[in-house]
Amino acid sequence: MENNHDNWGRWGDDDERGSLNLLTPERVLAATRACTTGKVYSLSLPIQEQGVPIFDYRGAPRRYSLTSASDHDPYAEFGAAPGVGSNEDMLVFASHSITHMDALSHVYTQDGIYNGFPRDEFSTQGGAGHCDIRVTGTFAGRGVLLDLPRHQGVEWLEPGHAITRAELDACADAQGTEVRAGDVLLVRTGWLDLFAQGTEEFRQPGLGVDAVSFVDDHEIAAVGADNAAIECIPFDDDVFLAVHIELLVKRGVTLMEHLKLSELAADGCHEFLFCVGALPVTGAAGSPINPVAIG
Amino acid sequence: MENNHDNWGRWGDDDERGSLNLLTPERVLAATRACTTGKVYSLSLPIQEQGVPIFDYRGAPRRYSLTSASDHDPYAEFGAAPGVGSNEDMLVFASHSITHMDALSHVYTQDGIYNGFPRDEFSTQGGAGHCDIRVTGTFAGRGVLLDLPRHQGVEWLEPGHAITRAELDACADAQGTEVRAGDVLLVRTGWLDLFAQGTEEFRQPGLGVDAVSFVDDHEIAAVGADNAAIECIPFDDDVFLAVHIELLVKRGVTLMEHLKLSELAADGCHEFLFCVGALPVTGAAGSPINPVAIG
Amino acid sequence: MENNHDNWGRWGDDDERGSLNLLTPERVLAATRACTTGKVYSLSLPIQEQGVPIFDYRGAPRRYSLTSASDHDPYAEFGAAPGVGSNEDMLVFASHSITHMDALSHVYTQDGIYNGFPRDEFSTQGGAGHCDIRVTGTFAGRGVLLDLPRHQGVEWLEPGHAITRAELDACADAQGTEVRAGDVLLVRTGWLDLFAQGTEEFRQPGLGVDAVSFVDDHEIAAVGADNAAIECIPFDDDVFLAVHIELLVKRGVTLMEHLKLSELAADGCHEFLFCVGALPVTGAAGSPINPVAIG
Amino acid sequence: MENNHDNWGRWGDDDERGSLNLLTPERVLAATRACTTGKVYSLSLPIQEQGVPIFDYRGAPRRYSLTSASDHDPYAEFGAAPGVGSNEDMLVFASHSITHMDALSHVYTQDGIYNGFPRDEFSTQGGAGHCDIRVTGTFAGRGVLLDLPRHQGVEWLEPGHAITRAELDACADAQGTEVRAGDVLLVRTGWLDLFAQGTEEFRQPGLGVDAVSFVDDHEIAAVGADNAAIECIPFDDDVFLAVHIELLVKRGVTLMEHLKLSELAADGCHEFLFCVGALPVTGAAGSPINPVAIG
């Protein structure tokens, strides 16, 4: 079963960070030199109940008011001046809502999660026993955007299309984008633009299994995309979560989904500093994120 | 009413970003050159029910399991191989839980929120009508850390201590830290270290009103601290939320609280690139954050 | 303003119970004598995410696991034997989810809620200042079911149909059901049966304004129905919440919606003891309920 | 292993109702004749964040506002008159919060839950596979109150006290209360009165294992008490959940905790009709309840 769990044990038997180990301080420092404009991009869709992609079983994210001016001078007892108070909210949402990061504990197979930690370790009260989102949620590095629809001269790739290694190579070449070890690879499929048209179609373009070698050969640290699951849906070869299993489970590659890449694309900004700080929720298998790109 | 609402109207009557307007692309680009080590710091405490500072009315943040391997082959109907599935969570917490950012709609006075938007605009269903967290949640800039306990040779400043302008000046001088226009100012009081000792005391060291002129004179873009409210508690001059009113409401200065600054301090890292992406929750008056510093 | 707010002041200026004042102990005791079979009926639909009527803005009710056997011997530290533990849940739902009771604070008009309490008294932190669900949530009395579809020989009344006073009279007569002062009136429209067919139609049969005199003349203590709002939708005379305003606001008549009346109807059980205990949530404007009928 | 699982199989191998099978229509009908005053009692404590007994891991129950008059004429688009709208809430609480009912799936041992259903059947997404709260949540019967503190001439039984069979017998005799097959047994320990004094003590008086024979011999259908767990804490014989295992798991006896019994006690009302309708949440292992007693 050689090469079956490509990175299991590569960074030690107790490693929980997977390919983020590739993000050495030297590479991060070099990544800061990728900035040329100083323009700051938010890569997250808004978190709201409507107009954004939501899976039924996760439920729509909700904001409730916790305090407001309807609470008549609530702090008067603390000596607050009349009319002074605060607005606050309660937030209720799934860890994998809208724009989010998968922790390495997110997907399990018969053999367990990344690096062989037990598949049934995720408990009701405690959540992840290993590889929770705290371990991989914070990182920075050189980001590269492969804008496939632009390269292929379409608005979006066809729903269901399985992106190949050759397509990624061709796009990088055409863009003149050099992909380096430790890079954060962002793949634009255009799917969010199709979604914005009001499509009800669930099928999505995304990486096929063939594209995994691109991640291997370039020693990619993390992968993000503007679709629901990085990979194409229906899944490549009809293998459920085929690319998640290859990247997240076998290689420990952190994945980020539903990234808003349209502004980077519009500016033709293909190389940038990528920074992300997921919410470090103890035990969680993921988190909503708002990554920052600096052009 | 001169100088009463210092920045109201400064960036236009409909401005909702306040002092973040100071963060021009040029300044952001310059900030990337502040990095010298490439070391990445997470400035957030873990989000969990115990061992972190929590206010009763906000409730402890909660993680619940949404899916797990206890759901027996839940995706079999989609052709999933036996034993394949996903772990996911539900997250329930206050927008101002633990390490968080205040949106400019967070505090209101009789005169309204920042820039004069109505004080009762924050509604039950919609939340903030102006200045929600989406507007100010994403930014990057040069970060400077003023490590007051280190400068003063103590573990933490005394609970209740109101930090003065002179103390900030002296600390910056002693550190050799030049503070520049558009900087993100992080103030370490040591309070989280006192909290970690298990203190039940609610009194906290923090900025006094006297220190506000430091923010003005240096054209600070945003302020963060390791305490609950940036400012000292009990409030300076017994004015409820005195420094919030000066900075957040009058000047539109974004505030970040309960930042974990101990690692930066331990490394003596006083200048760095600061990046933050709050969750862009439509209508919210704040968000948990996990800012990233790159040394 | 004669007759404009029919019951305001009737039971005192500070009354918060409205027509439940009609449920004297004598009437309750008499109601227990209505039982003839001892068969117990649950009048609530199941609380679940699918297959039940849910309004988008309220969200689907959710159950999350709080503890389970996936928590490996969680009580071992308390001396629990191996394998012993508990299953518990977290429940997240709107107060007006599925089968529910409206508190008298639920609907407000320009003039306020029932009995003239202020319309803006319901605050973010505290909820209802008067007439929360604790005040009216617990009662028992003689229940009568008017089974309109059965009487009219149809499966369900037409969506949008406004039930008239004459229809209620005719149904009661045909059933041989005497309606008495203090009765809890349950009206079956058949709408839940239509819903069970998978209709996507939102229009519903229900009481029209004309039927309100039936409640007045019979001194009804509370009204329930198997539809979403007691009243017909679109609202009678195109007045938004017309019947809620007449019954709940002006008369203080407690309303219960989405009651499961099919079993009572199938048994021809038209007179019974009706008991309900809403959740006594401090400040809430309503509660899910599971009323009990004893035939 | 004779008599080891006393009621497993008694009502069939697929029975999920346990001792509620004892509540035949004849017994329910007879129970309605127990009423003599028509006074209606709510047996639930208020559901709120403070002043009521709450376990940390369950969290305080929370009410948030969902709609209110702060939403400026939210229904204007539907033709609502100015100033008309609705107040609604979101409710977030544990199934076993404050006054609640245990479903028969609540406690598991190495051998499973009641009637031998698997101990690990309770899944993250679906909850209880058998014996969820829908199956046992709705019932009515003759209620009897054994008011132990009154009988023993104390305000409350001592914290930690294990109530014996002899104490129950003596109390029933002294009260002149005949206990009959199918009765709902409510035991008052006085603990809630001690709690109301502000005690921080977690030890509680409650049933000891010795008292279980009282339930057996009288063929009790369900048991309620005013303490946290029916049974005494610390657990009798230091067996974790000893009485839960005897009653809930082995015998399928429905349990109800934190009942507010003080009003019944004050009136000397020891026999009554008992009605309860738990929230029929699909998959839940329990529910908050507000049982109704009619004197």
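Order as written gives the chain letters A, B, C and D; numbering starts at 1 within each chain.
Keep in mind that, in the parts below, contacts are C-beta pairs under 8 Å (C-beta built on N, C-alpha and C of every residue); 3 or more make two chains touch, one makes a residue touch a chain.
Model, not experiment: these values are computed from the prediction.
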Touching both chain B and chain C: give me those chains, sorted by label.
A, D
So which chains are sitting against chain A and chain C at once?
B, D
Mind checking chain B against chain D and telling me if their interface is mostly the same residue numbers on each side, over half, or mostly different?
same
Whole-Å distance, C-alpha centre of chain A to that of chain B, is 24
Suppose each chain is reduced to the average of its Cα coordinates; what separation in Å results between chain A and chain D?
45
Chain C residues counted as touching two or more neighbouring chains:
57, 62, 65-68, 70, 90, 92, 120, 122-125
Touching residues (chain side chain D, partner chain B) in the complex:
59-60, 62, 65-68, 70-72, 74, 92, 120, 122-126
Chain A contacts chain B in the complex at 23-33, 35-40, 42-48, 57-58, 61, 63, 65-70, 75, 78-96, 105-111, 119-120, 122-124, 127-128, 134, 137-140, 238-241, 245, 273, 275-292, 294
For chain A, which residues count as touching chain D in their complex?
57, 62, 64-66, 68, 70, 90, 92, 124-125
